[in-house]
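Quick heads-up: structures coming right below.
What follows is a pair of complexes built around chain A, which joins chain B in one and chain C in the other.
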Partner chain A sequence: MADPVSRPDPPVADDPATAAGWVDAPPRMGFFTDTSVCIGCKACEVACKEWNGVPTSGLDLLGMSYDNTGALTANSWRHVAFVEQPRPAGHPPAASTGAEPTARTEFLGMPGAAPPGRTGSADGRSDFRWLMMSDVCKHCTRAGCLDVCPTGALFRTEFGTVVVQEDICNGCGYCVSACPYGVIDRRADDGRAWKCTLCYDRIGAGMTPACAQACPTESIQYGPLDELRDRAAARVAALHERGVPEARLYGHDPADGVGGDGAFFLLLDEPEVYGLPPDPQVPTADLGRMWRRAGVAALAMAAGAVAAFLGGRR
Partner chain B sequence: MSPRPPAEDEPHRPSTDDRPPAGHGPRAPGEDESRRPVGERFRRFRDGVSSGANESGVTPAAGRRRRRAGEELAVPPAEFTSYYGRPILKPPVWTWEIAAYLFTGGLAAGSSLLAVGGQLTGRPALRRAGRVTALAAVTASGVLLVKDLGRPERFHHMLRVAKPTSPMSVGTWILTAYGPAAGLAAIAEVAPLLPDRGPWRPVRRVLPPVGWAAGVAAAAVAPALGTYTAVLLSDTAVPSWHDAYPDLPLVFAGSALASGAGAALIAVPPRQAGPARRLAVAGAALELFGAHRVETRHGLLAEPYRTGRPGRLLRAGRALTAAGVVGALLGARSRVVSALSGAALLAASVATRFGVFHAGVASARDPRYTVLPQRERLQRRQAGEQDG
Partner chain C sequence: MANADVIVIQGSNMAEAHPVGFQWVMEAKRRGAKVFHVDPRFTRTSALADTYLPIRAGTDIALLGGVVNYILGNELDFREYVLAYTNAATIVSDDFVDAEDADGLFSGFDPATGSYVQDSWQYAGHEQTSGSGHTGAERETAAGLQHESHGAPVSGAVARDETLQHPRCVYQILKRHFARYTPEMVERVCGVPQEKFLELARAWTENSGRERTGCLIYSVGWTQHTVGVQYIRTGAIIQLLLGNVGRPGGGVLALRGHASIQGSTDIPTLFNLLPGYLPMPRHDVHPSFHAWVDSIRHPGQKGFWGNAGAFAASLLKAYWGDAATPENDFCYDYLPRLTGDHGTYRQVLDMIDGKIKGYFLLGQNPAVGSAHGRAQRLGMANLDWLVVRDLFMIESATFWRNGPEVATGEIVPQECRTEVFFLPAASHVEKEGTFTQTQRLLQWREKAVDPPGDARSELWFFYHLGRKLREKLAGSSLPRDRALLDLAWDYPTHGPHDEPDAEAVLREINGYDTATGRPLGGFAEARDDGSTAVGCWIYSGVYADGVNQAARRRPGQEQDWVAAEWGWAWPANRRTLYNRASADPQGRPWSERKRYVWWDAEASRWTGHDVPDFEVTKPPSYRPPEGAVGPAALAGDDPFVMQADGKGWLYAPSGVLDGPLPTHYEPVESPVRNRLYGQQANPTRKMYAHPVNATNPSPPQEHSQVFPYVFTVSRLTEHHTAGGMSRTVAPLAELQPEMFVEVSPELAALVGLAPLGWAHLVSARAVVEAKVLVTDRVAPLWVDGRVIHQLWLPYHFGFEGLVTGDSANDLFGITLDPNVLIQESKIGTCDVRAGRRPTGAALRDLVEDYRLRAGIVPGVTPPSVTPGVRVEPSVGDEEGEP
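Coming up: the complex of A and B.
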């Protein structure tokens, strides 16, 4: 690896809307998704589909706990992940320390008629914990999808969010490969790229995005990003105090590889347990170096051609 | 609570199955097997049986993969967690058209360089072959690129913006500059066929200088055309493409030169093909050097380039390149041997491009290539922070 510890060039100001040329932009808006209170009701998935008129994803039983959505796709802009983790019986999850190695996700066979871990004998019993998390586009400060879009279909809104203009997108698919979170996706029958808009139409009218509005536990919170970050820090501190040392924030740090997420999370385990990349980086962070290497190769090409004609008589 | 102790379910289970009871309803023997029990798909995935894309278009990669004989994995399989083994990234939605374009774009670039050399050193056959190949290849490139779009009729939306952060936008403008120049240079080749009388006379007169200028212009853009595609692939989150960014341009530059030389070896009589033979050597050297670095310098992320289908394609490309170069040098006097060598070089370039393409796709499909290098990077950074 050429430059293993490469960090992105200095993070762009935490105000991407102004950086994108908006004058007098409103405060940056975002989501704080607190997975510690998520009950896995999928109201956010439904509300998003209803409001945004997102086509069905088809009925598909994936056999991944209660998750039959599978992943964020062009037709699922919120995705509730269900993680089943066995725990030794009699030890509440809170008793574990954050330092011990993370329990591996194990499929316990839910949904089923009986709770998991019920065997005939008392010794064989196990306890389990359920992690649920409503995933969404992160609306990155440095968004890979936006950087590489060759048509200008993806753009930065005045709220600092990232939105696709469906009348511009020609379905080149570049954004799909450039998103370090695997969020944006091309819809098969339509050919264009789709993802969460952070309800651009609703927030423009001063309303709350559909998912946050529908969430019955306030797991999804919407608001100015600064405020959300303060709230999240307080929540993590409270959880730590209450004996949940594994609580941690994800995507809140403006110094991370994507300059911080507009939609960030409170998680109860490592990010990859939920299907999130542990250290995402915007691909364009290395773009300058890439062009330089390509320039060297282009010069080598030209030199090779010159040498081929000067290097012999015939 | 279950009204029925799940233990009753046990006799219906395969004896090797040690997973916790899930409590499905009772299943009569001989019950319709097509109704898969819940979790069946996951277990099949987990056991590494499942392969290929499933219904949701996402391919779970097996946690444990079989090794093929003779393919040693340099990096021992490391432990990592994932969400049901699902890919974290979306695999590229690009299909074979893009891999084929990597080849045709490179072929056009290499041919234009040979054509301009032929033009400047008085080798008309080389010039003609290079210009015609370049036009054919760039036309094919355009068709392939438009065909791969989700909305082909909107291809011109690419021309709305010029965006330096998007290698695809940069490439669009490179092609926009290159295509007409290459086309004009090729059209100029018809000049000798036009009547030297009547209305065609001025056209016949003006075409050669126009073709000369266009040939030079096309050649000036050609190195950019031949190498920007490496940045196009690297500027993505696809782990093996991104990580290979220092070395991929060398592979693509070499492959472009070798394929251009290959086409010329087929089309040009051996008397004028000396530069093409030397270019084949130079291109092959560049390509093999670059490919060696891609396959050895990137730790875990080099693995997709060495294993499976991409590994086979890249090995085939290497063998064909070697055969083509040897044939071009030893068969310098024989038209047939030269043409066969040229064909081998063209096939080598196709194999290399598809190999690189599929290696990236494979690396995006398997979460280990996303999680493990990122974990490693995090640890290194944390260690660095502690040191000072």
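Coming up: the complex of A and C.
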């Protein structure tokens, strides 16, 4: 297997498994999460925890709409975000008496009331909106976590997904800062890094990942990435036709800063509204250039040292 | 549902409470259907709907009545369907006085019993020959339920006006009844903006008719009201007017609250029913088997209920086997009899009063899940013994040491007299059996794993309990023991714990020939001579040919869209009831697009995608001969075959106890006066004058402002009912880890509530505290010149489990719907205050303080008839007419 770290500026391979050295790899598998049909039931979170034996992430009421999970962490590999977007100003009811406050409370500490939702592209929208999205590891084509892993605990599977081997991970945490999405995380009690495996143990046996299997509305769809991308494009077109112009894909583009995601999304607003980076970049994108520059610098320093030594002798 | 062109969800948070079924709403939406959600607050269902309508809790009849008025006022009904298949043309008695003309009371009200004498509601000429007459006893025994599968009686032919112009025809009565339910009135009563209401009314009517169909979905947001049955009636009237019954993509869908709640009404856990909706006999009017059977089949009656004798005899034969013979009326005398109200709330009050000694609780957690939790707990604390069978140690098993009444000093663990036996139960994956779901579909479930430790199935528990009781009584000569000793209690068992064979039980439910043991093919084979035994006649056919039909799992892609080979639906594996109505009176599909069941003239039989809900060889042109009775009296274009006149009932001359037409009444606890009638709340509602029970005052009573806010409770998708199966399980508990209350930003500002801070809610029954979730999803409503604030709470929390909190149901009092004795637990009034509630004795002092300020005297119920409303003497009394 080729060592990904040593690869100089890898081509934007849409077949990362082959690029990683797999011979006769099966088609690249992934998730297409269509948030326009997500009902926020969190069955994905529960199914993931049950199948993968993920421990509890805490019994805390967060007050962030119905989100008491908070984020993708070592103990939450699926996370359903809830975004409450207020009505535009001037919505009824008007107050009856002076005793009734007329002004709407502006910011209540909930993500939905924060500016991004208001200033999103949903101009002309007359209703309150409640957006839900089941987030997950993106299984990037160019995975920063995998690039920086010094032990080889992270590896590219034959399905093109990125998986941590828990028995190899030494808990160095380099991967945590290398993830442009803030997905991979170390578990507090054992220090090792954990994240979605795209149910490597299930898909290898021809089964659907637990979250997609549990999803009642097919918001989470699992399949060959090419097929999912076609399906997603058709879904966006259908939604546009039905008067949902704000529907757009996120993470589907192989030309983006991570070479496209193995798990991509249909969103109904800007990515920031859901807490997703608008332009994710794999931090190792410049690694080749940096190594070359470092090499040049080292050579120059070595040359300088040699010159100084030779000069000193003179 | 996936075939619907419009879906209206009201009284249901389907996406959260029925997420799996909701996939079909999403499928319909994908195919282009428009989805409406009407609810007091914006939920996950609203988020996925095309249009959301906010509504003041408890005003659904006003909104739906507005839709009826919109349909009739603009003549948008599916006239051909309405004329042929409903009772729109039927002439109603001259004696009938509508609630519109009597300030909210229909004719025949008897204030002494809080019930109606229904003679004046009957069809013209049938005043004395049909109907329920005085319905006081029916109200006591929730007898409205017994009409669930088969309608109420009407005898003989009825007078009709096919032009619908007669002033006393149902169509005109209906039109007058709802004429005042205008868009302006809807806005004033419900707080629904007129343009939103009209958007709903337009979409509903435009997507109904020959080419299109709409479906209506409700769940306990409709049923748990003192006028709940009438909510559903109003929905049914709309669907009948628009031709949306018996057709694909149509219907009124009742979403059931648990995996097999449908099954537990079909084969009931209710006090007033026997399997297959056979009524439980009453001691006073059903002294003999024949009196009982005649009260069901109504001799001389049209329709399919005429075979009641065979169903009743076969049921008793299944119970008592060889001991049941035609000579001894199949042991009819062994059947218990009703003597009055034995409903769950009556029982709780009787427990408090020491009239009930022992209690079994199976799959139920009333300490959290039932209205007036304090009454539930005090009742259970006053028994000799209590058996709780559950998966976890639930609140109803530990109330005597951990309940809130221990903190207030009302229950002292050392002195609590109830001996509680906790028996661990097997979960649904640890036992085999069937689930019957919303669509009446039975699905067989295999056992996946053995139950842990001492946990056992319900089947095991009851079989061996019965076996042991019979062993203990063996040799008894007492007549009272015969019923138990003569039972056919002979199920085969297997395994180390002698688990009874669930398939053997299903076979008995299906029915068999007592001579040969051959399983019956369907209920048509049931006999009244003792030659058949059938455990539940409507399920007959589920074990046809000796095959477990409920276990069929042929994948959807391997069969047509009706998927008749997935599981088995009662009756007769029919997926859509009354599907004769999917064809026009001549038997042709109403349209190619909505083709479902039709008359094949060449083959001279009904055919189509589903099992026809009609005698398959009766042609559309068939007209019954003079004097025909039973099924033969149904014409070839009478699709509602269980109804006594073969028609869908826009107007119900009997069978509904609180009015032949739905009428808007305010909830028992409401901050506003009824805009439409002098009568404030349902005059027939069931109230219990008991010291533990108290009702917050509502206008026109004084002091209603002591409880100025409206609260409603329901489910979160993350939890299951009283929380016994979710607050105990970490991956679920952590998703909604604390009790909270949702309030609008406006109310938060008004009361001084901070996000994630504490608030407590006070009613005349209890105080509960919760964390505050301020959200735009709850909006104040502008109702008739004033702002109404509504709050919402989940009812899942209790004091046991991984996550705990106060129980929202503690806030409710006990007032019931008169038809089915369901409690009003979807709306109440309360006060809200910032901060945590008091503890210990101070908590009861706070409630007492509120009671004093509101002028509430415990044990005194508000008047059923609002003061000032004149009760018309019943017509018969006044004019001496027949």
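We take it that the second predicted complex is superposed on the first by the 238 of 314 C-alpha atoms of A that agree within 3 Å, B and C clash if a C-alpha of one lies under 4 Å from a C-alpha of the other, contacts with A are read in each partner's own complex, and residues count from 1 in each chain.
Here, a contact is a pair of C-beta atoms (placed from the backbone, for glycine too) under 8 Å apart; a residue touches a chain by one contact, two chains touch by 3 or more.
Please read all numbers here as calculations on a predicted model, not as lab measurements.
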Worksheet item: Which partner does A:G191 reach: the first (chain B), the second (chain C), both, or neither?
Response: first
Worksheet item: Given the touch rule stated above, what does A:V46 touch, chain B (first), chain C (second), both, or neither?
Response: second
Discussion item. So in the superposed three-chain picture, is A:A20 touching just chain B, just chain C, both, or none of them (first/second/both/neither)?
Written reply: neither
Worksheet item: Who does A:V37 touch here: chain B (first), chain C (second), both, or neither?
Response: second
Worksheet entry | Broader residue contact with chain A after superposition on the shared chain, chain B or chain C | B
Worksheet entry | Touched partner set for A:T217, first chain B, second chain C, both or neither | second
Worksheet item: In the superposed arrangement, which partner chain does A:R129 touch: chain B (first), chain C (second), both, or neither?
Response: second
Practice prompt. Pick one for A:G58: touches chain B only (first), chain C only (second), both, or neither.
Written response: both
Worksheet item: Is A:M207 in contact with chain B, with chain C, with both, or with neither (first, second, both, neither)?
Response: neither
Worksheet item: Of all the chain A residues, which ones make contact with chain B and with chain C?
Response: 57-58, 60-61, 63, 86, 104-105, 108-110, 112-113
Practice prompt. In the complex, go through chain A and note every residue touching chain C.
Written response: 37, 39-43, 45-46, 49-50, 56-61, 63, 65-66, 68-69, 84, 86-87, 92-96, 99-101, 104-105, 108-110, 112-113, 127-132, 216-218, 242
Worksheet item: Quick one: in the complex, what on chain A touches chain B?
Response: 1-2, 4-5, 7, 57-58, 60-64, 70-71, 73, 81, 83, 86, 102, 104-105, 107-120, 126, 144, 147-153, 168-174, 176-188, 190-193, 270, 272-281, 283-284, 286-287, 289-291, 293-302, 304-309, 311-314
Discussion item. For the complex, give me every residue of chain C touching chain A.
Written reply: 15-16, 19-20, 22-23, 26, 30, 32, 42, 44-48, 51-52, 191, 193, 716-718, 730-738, 740, 745-746, 748-750, 755-756, 771, 773-777, 779-782, 785-787, 802-803
Worksheet item: Which bits of chain B are touching chain A when the two form their complex?
Response: 1-7, 19-25, 36, 38-43, 46, 55-58, 80-84, 86-90, 92-94, 109, 113-114, 116-117, 120-121, 148-152, 154-155, 157-158, 160-161, 163, 165-169, 172, 219, 222-224, 226-228, 230-231, 234-238, 242-243, 245-247, 249-250, 252-253, 256-257, 261, 271, 274-276, 278-279, 282-283, 286, 290, 297-299, 301, 364, 367, 370-371, 373-375, 377-378, 380-381, 384
